[in-house]
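The structure's right below; bear with me while I get my questions together.
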Amino acid sequence: MLKKEQNDYLCQTGPGTPMGNLFRCYWMPALLSEELPENDCPPVRVKLLGERLLAFRDSEGKLGLIDEFCAHRGVSLWFGRNEDCGLRCPYHGWKYDVNGQCVDVPSEPAESGYAKKIKLKSYPLIDQGGVLWTYMGDPEKQPPLPEFEFSTVPLNQTFTTKRIQECNWLQAMEGGIDSSHVSFLHRGDLSNDPLFKGAAGNKYNMQDLSPVFEVVESDGGLLIGARRNAEDNQYYWRITPWVMPCYTGVPPRGDHPIHGHFWVPIDDESCWAWSYDYHPTRALTETEVAAMKDGKGVHVKYVPGTYRPLANKDNDYLMNRAAQKAGKTFSGIEGIGMQDASLQESMGPICDRTKENLVGTDNGIIMARHRLMRAARALADKGTVPPGVNPEHHKVRQAALLLPRDVQYKDGAKEALVARKGVRQTSV
Amino acid sequence: MLKKEQNDYLCQTGPGTPMGNLFRCYWMPALLSEELPENDCPPVRVKLLGERLLAFRDSEGKLGLIDEFCAHRGVSLWFGRNEDCGLRCPYHGWKYDVNGQCVDVPSEPAESGYAKKIKLKSYPLIDQGGVLWTYMGDPEKQPPLPEFEFSTVPLNQTFTTKRIQECNWLQAMEGGIDSSHVSFLHRGDLSNDPLFKGAAGNKYNMQDLSPVFEVVESDGGLLIGARRNAEDNQYYWRITPWVMPCYTGVPPRGDHPIHGHFWVPIDDESCWAWSYDYHPTRALTETEVAAMKDGKGVHVKYVPGTYRPLANKDNDYLMNRAAQKAGKTFSGIEGIGMQDASLQESMGPICDRTKENLVGTDNGIIMARHRLMRAARALADKGTVPPGVNPEHHKVRQAALLLPRDVQYKDGAKEALVARKGVRQTSV
Amino acid sequence: MLKKEQNDYLCQTGPGTPMGNLFRCYWMPALLSEELPENDCPPVRVKLLGERLLAFRDSEGKLGLIDEFCAHRGVSLWFGRNEDCGLRCPYHGWKYDVNGQCVDVPSEPAESGYAKKIKLKSYPLIDQGGVLWTYMGDPEKQPPLPEFEFSTVPLNQTFTTKRIQECNWLQAMEGGIDSSHVSFLHRGDLSNDPLFKGAAGNKYNMQDLSPVFEVVESDGGLLIGARRNAEDNQYYWRITPWVMPCYTGVPPRGDHPIHGHFWVPIDDESCWAWSYDYHPTRALTETEVAAMKDGKGVHVKYVPGTYRPLANKDNDYLMNRAAQKAGKTFSGIEGIGMQDASLQESMGPICDRTKENLVGTDNGIIMARHRLMRAARALADKGTVPPGVNPEHHKVRQAALLLPRDVQYKDGAKEALVARKGVRQTSV
């Protein structure tokens, strides 16, 4: 349970807020690479942390993320012409490069130097792993590029999608570090979903509905271990890494690709749910990629032409009571991604955490909140660089394994929890 | 005319408001019985007096009206599984019975007794006359069950529907106690509507457009008598009972079933308009029920799959100017129910009563407002149980009759205004 | 750049605001004559300057613009019956004439004189040039009728439309006095639009993208001269008249009809963009009128049955990136009217002028704002009748002409800028 002030503190990420300042210390996914498919393609509107921005790719392939609005009279540059290494406002022809620098004001004599004085807010945009990443903080403090395994393996080993989620980022992210709900919400999918089914470990999810949680701090965030009973005096461990502020990894199943999420605030009442799938040591199969594109696993089907899920709150997520009654799905909603999103959105745009009743399985959530608040305060008070900024912190891996009951997972899974090039995931 | 503070006082019914506290003294219609058609059927979202609730019917047929949101982390239990005498949250499997008592928290050992400590807000829900009624007040002060005639006659003698009305409850209810508008707004329907036409008394409605109102207090609310001139030194009296806070009865016509309404706040900008039709001494005919289902009389046609009227403000209520011009309908809107609703909604979400100009025919409205304010204050100041709580107050009847001009209706219609088992309504 | 207080001052036009009081000094377009096509036709809802009004035409052809809501209990008179020289409220039959005077309250005895005491707010409505004009100010100070040329030439010489624009009036109007954007935003249309193309002067628009602005005060507002280089030691002048508060004229092209706009606030976040086309000395041709009806020139295509443009913000104005890339349109939006509207709406409901960077070509805008503020203050402080109220101020004309470089346009174009009966526009 949080006080209202604490909830506001964690949920608000607009310019000038403490959590907003924290988010602005990190590289974050901003767009899919496919959204800027070629040089001089149409610009794309992007809203992040409450800021309205425009992404574009210039004639030479350079990427830019700039203020959406022209410095002159404020029209949206989304209507702009992307030509000759710059985006030209269609109203009076002011032109900007990928850094937001104005390079032409046609009505002013070039020799006046007027254009040089005009510069839009801009953020770097880099292409890595099929994702365009941005950093929205102080340029002086820009950290090295991110090194999450999913975006640094070869492109044929990784597949990432995004979807709009119509609630605050925190309640979405809290779902991502809460592996205790799998045995309920997703139980039907453990035996049906092509990207989940068939793993030997699935049976422990189904058998033991009272996992015991052990959460430990990592350099970049947390490791959330969920322990379920297994045979032969063993425990079945599923370990979820959380890297601050909003990267989460779902523990793997068999040889299925590993998946997880980034939860990036659009504004205080919506966020981007990014979903990645990758395999550390092999290309994804055609069948796997087809399933992902079909909305299986952690991915979803879309309203055509958008990144909004086809099942959404306006259609009650296509609730199927018959499938629910028959136990085909636990909540009546189809697909793991929308099972999560439907419930998280049902909490309201911003979950009222003054009313919650947390239990042992929520320890990961409790500790994540505290770590976020602590980091935001240290940043505000002392300028401390928060955990998760250092790319070394990104090199974690989710794991699922059996360990003897007397072995602690931070010891027994130590190697399994590190991203190691050319080494397969540890997964039962 | 009201001051702004008075208007707010009467219109606001959320938790903690004076009028909200008044409403919470009464049994009120919450759902139609048909909405929970069988044991373990899907739960139904219900918003009343600004509170978001969930109704369900368990495996044994017990009815519950509980907080919509799980006590754990706040997801909507609408997605829940209704099974084994309880509603199970699909997120982590917490389970609640019809009283809101948590009966299972799977992640906690049963012996911990944790579940017992968790209880959702809940209200009783009882089935009477095709309607599920609730009482949202202090359990210690729960009054006896309601005894309105429409819901206590045999089921084949009564038929009730509900529709969403997109405005505050008070302006809807004020339409229900205002019988003077019949001669205008509904004049076309007096001769066309199968549930209104043919009554001998209709001609007085059409002939005398200046009814004189005599309003008297009853134990439970008001009796609003509208007097029109008739032949042979008689008056034609139409007497509308209002039982606090929001039950109104339309005076009957011939042997048609008697109808009337309940006006129940959803929140401050919308309400449920309940419409009942019953006959005290005979079954409704197939023709009558078919007409009601077809939206005739006080009932309406719906947007399929909803309780929203098909004619609504988004389509200008299917205004038909040709029918209006031809005098087929007075306002161009079809159907008595939507004729009322369209005008009441046109006043805005909450009518601004600081601008109104009331006349003699509004005496019923003036007195109802005063009685409501008086009762809310007495409740707030002294805890006085308000009129209309006692089921004896429910046993009223609307009446339409001819009386000699020198007879007062409270004397001449005394018996007619009482619900008497096995005795037909008094109706011309 | 404006301070926030200045921006609010200029943008807010509701009752009691300084700019609202200024607007209430003028006759303004309220409806198209076609909206009230015959006696006793349906009334029409009109919202202007934040006031909700109802226009109707009575049995004798008299026009009225009255409060939308009945004085009795506040229902919308849009549902009213227009009959026998008055509009009758469908609820209880109260009836109003075109002056808002209540002429019948059926429930009150006629001899009581009650109706006479009830009068709705009302404004005059006059039909001139296919437009119904209103004056919403103090009746004592009602100015003479407007004398804009477009609405005083014979009806076969003029054609006017209107469309809803979903932003504050000021940013729309500022587009109307900003002729510098033509060379960019509308460049494709100069050679394609049937109501623009073919004029000899168009080439100067295309060749010289750095027009020099010379703005001078006129009696009623401003003359905004844009000077572009031409051959033979001449300048090509395009001169835009602005008559306070919101009339603007587009400089003409060849013998095409002359066009321009009125920008009338609906409320603070939307306005009516009125578009006129007329020829001072000849009838419009069938081809021209057909093009206007087809949304060419300054006109637009509509969502059927409404005055909302078919291309609107809900469909991204039917953005056509291929046409933009090919240079067929500069911004990807089709049609001069929607090219303007799309960009102006993209500034947001109310443009944030604290962030703008104005240049020389914005001098007309800067001076218009100052003149508006000055007039509003003089009105507030001293009751000074503002410029543009006197019908003599309406008799201006836009002009496009070549002048020797050493001639000032206020001298060289002096006659061209005056509306003169039977004299053709000055246009290259």
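For reference, chains read A, B and C in written order, and residue numbers begin at 1 within each chain.
The working rule: a contact is a pair of C-beta atoms (placed from the backbone, for glycine too) under 8 Å apart; a residue touches a chain by one contact, two chains touch by 3 or more.
Given the structure is predicted, the values throughout are model-derived calculations rather than measurements.
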item: For chain A placed onto chain C, the superposition rotation in degrees, Cα atoms, nearest 5; value: 120
item: Shared interface numbering between chain B and chain A [over half = same, under half = different]; value: different
item: Chain centre separation (chain A, chain B; CA means) in Å; value: 48
item: Sites on chain A at which at least two other chains make contact; value: none
item: Interface residues, chain B side, partner chain C - complex; value: 171, 174, 180-181, 183-185, 209-211, 319, 321, 324, 330-333, 339, 342-344, 346-348, 351-353, 355-362
item: Of chain A, residues touching chain C in the complex; value: 42, 69, 71-76, 78-81, 90-93, 105-109, 114, 118
